[in-house]
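Two complexes are shown next, each including chain A; its partner changes from chain B in the first to chain C in the second.
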Partner chain A sequence: MKLKDIRCESCGHVNPPGTQLCQSCGKMIDNDYDKDKIKDLMRYDGSAVRSKTRSKSIFDKIWIFFTSIKVGVSIILAIAVAAAIGTIFPQEYFIPMGVDPAEHYQENYGSLGYLYYSLGFHNLYSSWWFLILNGMLALSIIAASIDRGIPLFKSLRNQRVKKHSTFFRRQRLSAMDEDAGKVDKLVDGLAKKRYKVREEDGNYLLEKGRLSRYGPYINHTGLILLLLGSMLRFFPGMYVDETLYINEGETEEIPTTEGQYYIKNEKFTIDTYEKGDGEVFQKALAEGSSVISNFQTDITFYENKSADIVGSAPDLEAIDESSIQVNHPYRFGSYEVYQSSYDNSQMKSMTFRLEDSSGNTVGDNFTVNLENPESTFPITEDINVNMRAYSPDFLEVAENGTLISETPVPRNPAFVFEVADGNDSELSLLQIMNSTDITEDNEYSVRFVGAEEHIATVLTVKKDHTIPLIATGFVIFLIGLAIGSYINHRRIWIRTDDGLLMAAHTNKNYFGMKKELNEVLASSGMEPVSDKLDVAQTDKDEE
Partner chain B sequence: MASQLVTLSSTLLYAAFLLYLVALLPLGASIKSKSKKPEKIAHIMIVIGFIMQLSYFILRWVAQGHAPVSNMYEFITMFAIMLIAGYLITYYYFRSTLFGLFALPVSLLLVAYGSMFSREVEPLIPALQSNWLAIHVITVTLAYGILSMSAVAGLIYLLKAVPATEKSWRARFLEAVMAGVVIVITFIATTLIMQNVIGYQDDFIYQDKQGQTQVAEYHLPSLVNFEGAVAVKNVGDNNYEEAEHFHSGLNLPPIIDSQKLNTVIWSVILGTIVYGIVRLILRKRIIAALKPWSSKADLNLMDEIGYRSVIIGFPVFALGGIFFAAIWAQIAWSRFWGWDPKETWAFITFMFYTIFLHLRLNRGYEGEKSAWLAIIGFLLILFNLIAINLLVAGLHSYA
Partner chain C sequence: MKKSTRNVLRVSIIVLITLLIGITLWFNLTSGTKTVNVGDQATDFKLSTLEGETIQLSELTAEKGVILNFWGTWCKPCREEMPDMNDFYIDGHEDYEIVAVNVGENQQQIRQFISGLEAELQFPIALDSEKSVTDAYNIGPLPTTIAVNKDGVVVKKQEYQLNHEDIASFIEASIE
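== the complex of A and B ==
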């Protein structure tokens, strides 16, 4: 079926198919279009919106669905509500690492928490349905922008200077004067306000700020780029997020650099504010516990010169020395290394002393290196302490008498020490805060003296190639938003065939436009504009 | 020297508060009177008050060496100051004094609420040591200040447009908003009186979520308390001994902050009583009592202000609350977006105003509908400002 041109019943102007607002007189051709009498409505006079003209094929129906503002707003609302649900309980990445999420939610938040977990809300923002909602939002933005953007562009480009006299009555702002001679002064005054003037046989069209109308399309383009950018993360190589755990004094390979780069943790520091740091803070520092002023890892950055030779030992060359602090990541290539946290739960060594039955210390203290413990510690010339069993993270004693470790990390060490003085041999089990004699009637006992802790820094290694696209998208969005919000599209039509007839339209801020117009009208010796809305309001107030 | 600056800046803020309070009188008079004089007096007072608040901001910044936007007290105060900035911009453009009569109390309430948090100057923790702190927070509060204008305009619009005696949902909702304001005022007043005037304090020792021993200071009698809480008394320094305190016997698991909940319950109870008394005195709805003040409002102008403040404030919010926030998050936390509760609610606020604009531009949500949306938007801002920081533990819990 070929769509027909539409002849306006009121002024006779022939409009393209699907037109809802007559290009010449502004009469509503399709009553559905403006039944709410929307004053801020975007108007596409003399041009048709596709979704309002075709509704036959399946494609048309899908198109209508995604171009609908109702659908678009519903999608936005659904995303916002889903996002809110995601904050009821912490997401999985906020709960302690290594715990079973099912148990964690049940234990901390009861059966509601378990339900939350079962519904998958603990990973809501990466769930398939949340991604689909965002995909639908993208489709809606694209479809609605094309559907309305093209007719808007046509409508603004093909503007007619001459408008039917009834058009003037339909506009919200209008003014008239019997003396058509005032037009020159009026147009002059408006031109000084930076209106672009077009004239055809005594008809005028003055316009400024047309760019404002394209603002929404610019910001939608930015959003589409942003959404595209956020999808890029799923492609390999675009995104790296690794944790690097380095004990003080140790050197580690930087993950995902294929052995090319290494970082050494020279020193990890935690500074707290001292009483002397600023007189103003005295009260705050005196009252509570200490306030941390700095987390810092001093690093040496190495490149491995033999990285490309398979199987060869690393040949490290120091390239750089630097300090990583919170808010001051270390950059190399497209990577950034962040100060994330630290770990002082691991013990480096423990020191013990030997005590006889009367409570006197015998010989020298001995220190056990927990990473790589020795097996014999000489105490005196006669007495040795031998380590018979060791578990870095003690769980239980096995049936055969060895110690079972939960993890290889020295967090909760336990030892079986043998005290041998040449004649006798005594065994005892030592744990933190506890010691048990294994043999009976022990003469000696091993006592805990002190422990030294490892401080390990925890760094985050990050590479994110999606940032440039996402940032560009958002900057375009912001520019479009500013154009659409801070510029006003103002148009003024003037007829001079029967006195002077003027009408004005703006896409927003009628208040500002009235001010501007009245200033020019006054200097041209004309009455101020009449505002249909004010007239209606006055009538209403008088009722 | 620096300590004196802090004292001076706090005094200025307090003086500005009193000045605004007094300015409400000529502001009210300007609506009834035909003379332009009360309007001028009120305006001068507000401008002086605003300058004093700006001085507070600058002096405190100088004294502590970082922008005073780093904890709840400073943040809420900044929001209140920006609300006045929003009002002044609106006033210079639209010249509506009626508007000030409603905008000023909102700012006053915020200042009062903010002053309930610790007012100490505090050194910055590592995560906050960045120039982005000032840039991000100042832009966000400016956006909040401008967006709040739409809610004020919406409130005036509804007070005039909704028949006060109508038996309808819209009238009840509007009255509920007013009841909410009464509860907030009661909450601030009782807390200030119990804490600073009467000095009521019951201490309880309890175990928090992490199993650590904490002391809860109750400034209101305990209706709900933590599981296993023991009533204690501070006997100097950090020493406590058991004591007798009033307690209803209702205990809740440590996942809920019973102390805050206790305050909320008291506020609702007392606020409802105060609301009831107000109703008894007025013998009509609060909205009916306020209606005469809104009768001179120009509905089209209020609608215009409401819409304009959203289109002006929304891009500023997108810039400060999303874009600057993302840049800083990338630098400090290694990711520009991480669905932290505060981030998520900024996103929800952003989405809400998107809905506002689409409904307004494409579906004709003007006048009353638009006014309701503006009020909901303001409630969302308050929710993100207050509830998220207090209820949900996240990266933004600095108070």
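== the complex of A and C ==
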């Protein structure tokens, strides 16, 4: 079906197909349009919503699909439901580091958890279908805004002063007076209320607050910027959120800086509140729990002067020293390094002592560094302890006598120590809780004294170039919302050819407009406005 | 607005948004874990060996094919495949080189491991103590073996224990 332009029978203006009220004189073109409606009659000022008129190519079909409010609302609903489901189980960045997510969700949450994982809910905001949903939302917002906003803009810009008498009858608010001479006083009074006045041959159009009608479109512009900003987070170099784990005394490369920058954890401190440090935590402290007042990592910041190939030792030059505390990040370039947490679960070293057959300690204690152990530990001038074998995570003793480890992590260290006192040597296998003599009738035994843990700081490395865009989008969004909500678009039409005929329209707050009008009408010596809704209500009450 | 302007606007907005979704998805899927695959250019690296020498991949590939074997002392299949690789290596390695890259362990552990083997390992053992090469190659399970040809291109990759035929085919792939 080919739709034709519509010529207004009354004034001859040619309107685009689908128009409900003539753009020029406001006479009703589609007689079936809003017969019983008073409220929605003026939506988009009766102009044709463009997508409801033509449908031809595949692009037109896609476009029209996305202009539909129903489709838009469905997309928003889908996003909301997905986001809600995404909170049922923790997102991937909350599960422990280094575990296989597939196993983690299966083990902790059963097959429902596995389904959750396979559908990508564990990484909701970067799952492919969530990105597509957001893209569709953007298209829906843009298409719907263009299709409604442009015709609205045109019809508001092109509106004529003179309107057909039927247009007056259809407006909710109207007033009449037999004396057309009162018009000057009325228009004067309204102009003082900051209405812009246009006059043509005794016809008047008074208007204010037109900006209100563009509120939703300003708001949508903000939303599009927000979506654009969140999209840019996926672009390389725009957004970084990485975890950096550094043992005390160690130096690590800062991720995503291509080996250019390094951070050394000089010292990690936890301070707790003590009794007498003010009132706030006294109750908790009295109950015996400790309240942490400060996490702090003292760092040295290095730049790598020889950005050489992978594996070669970096040539570090100290650039800066700083202390990172919670909410007080270290900044360099566009990066920020935040204090996130700490870890002391990794074993660093173990200390032993040597005991003779009568149970007396011989010489000094000795400490084995589990990451890079020494091979000989002098105990006294005559006695040495040699480490013959070490396994960080003891599994079994191999056929040839060496120790076999299950993993490289020092979780269950085992050692074969040789005690040599110049004349003989004897061997023993030692685990934390267990020691076995390898040679017979040992004179000495090595006893476990204690273990020391690594104190590692956990830092978060952040960079976000999308913040300006997202902030701008959000401000525009709020401005649009405020404009749409708090400004009223008020229009008043007046004819003076047969007495004084006045009609008024506002897009919101009829109560406020009536109040404003009645004030001016009273001072012009006219009756208050009649409101169709009040009349209808009175009719109903009388029935 | 004219009909043609309207059509151009519609088509360009739809195409633009589709394109942006596509680019975003592509960035999203390719970011993070970039595993090394057959056909990729092998990242050059420089590591010191257990003997205290320095080896650089590009220098080796200039003359020979190179087989990179990523391993750990605690990994059982590594322990089993090493003597087999050594047998091949002893039979002649004029055309290829084997580099056994140890993933982040200390020398005590490595020496203990070697002394526990019956075979005397002849090929160089590179120490990736900071795991920087392992990260650059995004090595998952151990052992992982990668063959690099003279052009510096990855020609073969296997993420489990090598048997005799595997070792032979790795050598062949690196030479070609």
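Note that in this section the second predicted complex is superposed on the first by the 415 of 543 C-alpha atoms of A that agree within 3 Å, B and C clash if a C-alpha of one lies under 4 Å from a C-alpha of the other, contacts with A are read in each partner's own complex, and residues count from 1 in each chain.
Here is the rule we go by: contacts are C-beta pairs under 8 Å (C-beta built on N, C-alpha and C of every residue); 3 or more make two chains touch, one makes a residue touch a chain.
Only a predicted model underlies this, so the values are computations on that prediction, with no experimental measurement involved.
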{"item": "Touched partner set for A:69, first chain B, second chain C, both or neither", "value": "first"}
{"item": "Of chain B and chain C, the chain that contacts the larger number of chain A residues", "value": "B"}
{"item": "Which of chain B and chain C A:115 touches, first, second, both or neither", "value": "neither"}
{"item": "Contacts of A:372 with chain B and chain C, given as first, second, both or neither", "value": "second"}
{"item": "Touching partner for A:309 - first (chain B), second (chain C), both, neither", "value": "second"}
{"item": "Which of chain B and chain C A:398 touches, first, second, both or neither", "value": "second"}
{"item": "Touching partner for A:135 - first (chain B), second (chain C), both, neither", "value": "second"}
{"item": "First, second, both or neither for A:295, with chain B first and chain C second", "value": "first"}
{"item": "Residues of chain A contacting chain B in one complex and chain C in the other", "value": "none"}
{"item": "Residues of chain C that touch chain A when the two form their complex", "value": "1, 6-7, 9-11, 13-14, 17-18, 20-21, 23-25, 27-29, 31, 43-47, 56, 72-74, 104-109, 112-113, 115-116, 118, 128, 130, 132-133, 136"}
{"item": "Residues on chain A engaged by chain B in the complex (per definition of touch)", "value": "36-42, 69-70, 72-73, 76-77, 79-80, 83-84, 86-87, 90-91, 94, 108-109, 125, 241, 273, 277-285, 287, 291-295, 325-327, 329, 336, 338, 340, 460, 462, 467, 470, 474-475, 477-478, 481-482, 485-486, 508-511, 533-534, 537"}
{"item": "Footprint of chain A on chain B - complex, ascending", "value": "1-3, 5-6, 63-65, 94, 120-123, 125-127, 129-130, 209, 255, 298-301, 304, 307-308, 311-312, 314-315, 318-319, 322-323, 326, 330-336, 339, 341, 344-345, 347-348, 351-352, 354-355, 358-364, 366, 388, 392-394"}
{"item": "Chain C contact footprint on chain A (complex, rising order)", "value": "50, 57, 59-60, 62-63, 126, 128, 131-132, 135, 138-139, 142-143, 146, 150, 231, 234-236, 253, 308-312, 371-373, 375, 387, 389-393, 395, 398, 400-408"}
